[in-house]
Amino acid sequence: MHKKGSFASNDIGTPWYDIGFHFWEPMNGTLLKAVWIEFMCMVLFIYLATGTVVFGCHSDDAGTKEGSDAIPVDCLLNQSRVLTIATGFGLTIFILVYLAAGFSGGHLNPAITLAFVLTKKISILRAIGYWIVQMGGAVTGSALVYATDNRGYEAAKGAANRLIDGLPSSAGWLLECILTFVLVLVVFAATDTARAQSTAHMTVLAPLTIGFVVFADHLAAVAIDGCSINPARSFGPAVIRNDYYDLWIFFAGPLSGGLIAALVYEVTLRPSSAPLLPVD
Amino acid sequence: MHKKGSFASNDIGTPWYDIGFHFWEPMNGTLLKAVWIEFMCMVLFIYLATGTVVFGCHSDDAGTKEGSDAIPVDCLLNQSRVLTIATGFGLTIFILVYLAAGFSGGHLNPAITLAFVLTKKISILRAIGYWIVQMGGAVTGSALVYATDNRGYEAAKGAANRLIDGLPSSAGWLLECILTFVLVLVVFAATDTARAQSTAHMTVLAPLTIGFVVFADHLAAVAIDGCSINPARSFGPAVIRNDYYDLWIFFAGPLSGGLIAALVYEVTLRPSSAPLLPVD
Amino acid sequence: MHKKGSFASNDIGTPWYDIGFHFWEPMNGTLLKAVWIEFMCMVLFIYLATGTVVFGCHSDDAGTKEGSDAIPVDCLLNQSRVLTIATGFGLTIFILVYLAAGFSGGHLNPAITLAFVLTKKISILRAIGYWIVQMGGAVTGSALVYATDNRGYEAAKGAANRLIDGLPSSAGWLLECILTFVLVLVVFAATDTARAQSTAHMTVLAPLTIGFVVFADHLAAVAIDGCSINPARSFGPAVIRNDYYDLWIFFAGPLSGGLIAALVYEVTLRPSSAPLLPVD
Amino acid sequence: MHKKGSFASNDIGTPWYDIGFHFWEPMNGTLLKAVWIEFMCMVLFIYLATGTVVFGCHSDDAGTKEGSDAIPVDCLLNQSRVLTIATGFGLTIFILVYLAAGFSGGHLNPAITLAFVLTKKISILRAIGYWIVQMGGAVTGSALVYATDNRGYEAAKGAANRLIDGLPSSAGWLLECILTFVLVLVVFAATDTARAQSTAHMTVLAPLTIGFVVFADHLAAVAIDGCSINPARSFGPAVIRNDYYDLWIFFAGPLSGGLIAALVYEVTLRPSSAPLLPVD
């Protein structure tokens, strides 16, 4: 059962094996408002975060030479900008989760929505609505980045995710899987009402922590695959550029990582779950 | 009606179409104190934030060569300093909103004041007072930066906002409009008392989140237009340098973005507003 | 006595000289769950944090030149990446302490576990369990980094800790000792229930502050020894690379610093401890 | 009257003109504990923060060339390291204020102590004790930095504050005065019990905000004077290097800025103070 407008929506008392699907909920104003903010925040996320990559692609010298407008041919995955890009993604997720949490839960990521629907935290109806607007929002956001600065968009390849040369697909999958695992695990802990009651910091710091997981993930991975951990984030630039190379990795990695995290949290960590071994 | 000294000042129960103007409030000590802190914090914001741009303009080698005082001819929009500059603007807004919130609401931005007066959260009298001191404070702050380091001020063009060469005005307007839209949307969510009651993190993290929106906006835009999202911030250096080129963009973009955000929040997101569709 | 699932676990009323060992606690599901999350978070810590060092080792030009996959021969201790690496370690500890605090206390560091067992905050049984999985988790995490990117792992020497050439061992010990002293002192203050009751910020900000101590420590020390402050963090890459040179420093420094901090906090700072001088 | 162990220690109801001195308090264990932690945290502040400057002074190439130990002749005020250094100072103050607030108030700065004693928030006896250990702690901390890495200490001139060539003393004073003004103003707001009751974020975010003021101040000023805003921070390296050139600026600037901020806050902003104009 989904509690509207609530950040934490865990069902205490459900046995650990009660993982499955919850199909329906009334299609009323609350759901429509949730889908609407999920769309709007997805547009803003892609605009701000991939915008940091694209708009920053103008040459380092562009500002210091009057009249210059040099842009490097390909500024994607530029190592020296890892920290700036990671900060952009992390802060953007923080502020948008802060904004959207009370309306939609602030997923902004199909992998998180998958983890929530699998553990019956949201209905399948809601999940499908979220997935559609997350994908549509990402395409819209990337189109707006292109509309703002098409030269930078070309140079940065739209901030598309791509494995660095020489990195095998399996390594890309492993990387995206582990990084998304951390994200979904923290999201589950942050929205666990049983934990929120016992530890004061959980609820207050929730959006900041979720944003900073995205920040830390990007610090690790921007240099070798641009860091996705979010199929929609990779889908947006891929559609605008009509280039779907490597895209499957950025669906398979995050979705599998999120799924494993949901199972691990529910089975081994949820406060109400059975202890690992029934000793004593 | 404005509740003095309160961070959140939303009227719950007002129907969504009740957007308009509230003209008057007693011109007492509370209002004067609010105008006074708005002025003082605006001076400090411009001094610290544009000071980060200007004082940092001394050559990278200035410190490593004894006696050197080389300054590049134009260090404005220097790409390599994006993160430092964005951090400076973001942190400064955070600390000043923390400081001023209880006295004036901590607007520090004519676009936010416009959004608040349009939705009847503050009176027109108060808005006019804020606008005057925001503009005056920005000019004062920029003058103090010049007084501290006139060589750096020349090199950085006073940290004035300017579109990078080749970027059309319409792109600049779109960019500033969207970035200010995010800012004002978050400010409205953070000061919405109805939401504050249901989600613990809203009030406590409010100033940090508002500062970090400014941070994220600057990460995206510093490299291509210096990032304004605040007409007063652009007005200060323009007056001191007596150069008003492109200035209209930094008024039109933020003001339109703030106005749209106010409408979107009040009509579609406010907890007390009617649901999007009256289903069920 | 350890209070399960509680972030703060100080015994008020114990006289200051009551430092020693507490041997036993029931080996039930709560303890097993704590050991399990300590293992999982240690794997994730090493993967994310040392991954930031390793995955970022691909050449600065790798992204700007189509098809290039140049990696510098040795990119360990690269000064220009100090801030990125320090941010990675700091944020990772913040999010994992946020996650693990309610289950295991979120030690993730043998030096912290030593300080807790010495002051009878946890049992020796628990400490031994934590130490084993901290070491095992660090080795596992470093192996996963190698599996993801073996070329970067070679270039960065697995992000192993190493004294910069010319720095004597005694200086390395002093550095690691002082930096770990700060960390453990802050952990003790953050988990002191007597203080938590009198100051509102203590509990809410606890995981953020602990993460930011790690951040600040790395800012200071990454450039000269890679910054350990955690024997397990140094142990993981050492085992995978089978290179134990200098490793003793990263055991001796952190463990002695943590031990001294525990004594200093319990004897001179704990609210319930006797005043420094029995005046008045 | 000082309330022991309390972060906020403002006297509500005192008329605004009641500025002066409060001479005495019992010299008991609480005061001794406060002086002790003020000393210890000052040592740690200087070690961590100026250590970030000094230990980072090893050449950018030191890590990438086996056996290299090149250090630039003078790496003080190196522009490219502004963000790293500012982060170091900001985070260190945050964590130490978090730690020390409940014991001593966490001044760690003679300018803050001056502002507190002038407004009768602490006794003259306590202020003198704090000033002595702040100065002594800074010297001790700087000596420990020298002991750890004397080569880096030479290269960075011990992270001493110094005006960049060409900057007049008056500009240095203006800069330090304004930056310290912001710091003390925020400290007064953060410790104002009357405000803490009306706005939830004030108390919880207090140490973070104070740390981030120091962060923002350093972002602005590191490149042109190394940023002091703290006479003790400048005093430590000056004593160890036996070089007192420019030191008077780093006493005059911060002390005057702190003093003005105390007056401005007490006279114009304190909630209990008379309104600016007695209208209505």
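Per-chain numbering from 1; labels A, B, C and D assigned in written order.
One rule holds in what follows: a contact is a pair of C-beta atoms (placed from the backbone, for glycine too) under 8 Å apart; a residue touches a chain by one contact, two chains touch by 3 or more.
Note that the structure is a prediction, hence the values are computed from the model and not measured.
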| item | value |
| --- | --- |
| Chain C omitted: connectivity of the other chains | one piece |
| Homomeric contact chain B-chain D: same or different residue positions, threshold half | different |
| Remotest chain, chain C as reference, centres from CA atoms | B |
| For chain C placed onto chain D, the superposition rotation in degrees, Cα atoms, nearest 5 | 90 |
| Centroid spacing, where centroids are CA-atom means, of chain B and chain D in whole angstrom | 27 |
| Distance from the mean Cα position of chain C to that of chain B, given in whole angstrom | 39 |
| In chain D, residues with contacts to at least two other chains | 80, 83, 204-205, 208 |
| Chain contact topology (line, ring, star, complete or other) | ring |
| Interchain contacts (touch definition) - all pairs | A-B, A-C, B-D, C-D |
| Chain B to chain D touching residues, read off their complex | 5-7, 26-30, 32-33, 36-37, 40, 44, 47-48, 51-52, 55-60, 62-69, 80, 83-84, 87-88, 91-92, 94-95, 98-99, 101-103, 144, 147-149, 151-152, 203-208 |
| Residues of chain D touching chain B in the complex | 72-80, 82-83, 86, 90, 164-167, 171, 174-175, 178-179, 181-182, 185-186, 189-190, 195, 198-202, 204-205, 208-209, 212-213, 215-217, 219-221, 223-224, 264, 268-269, 271, 274-280 |
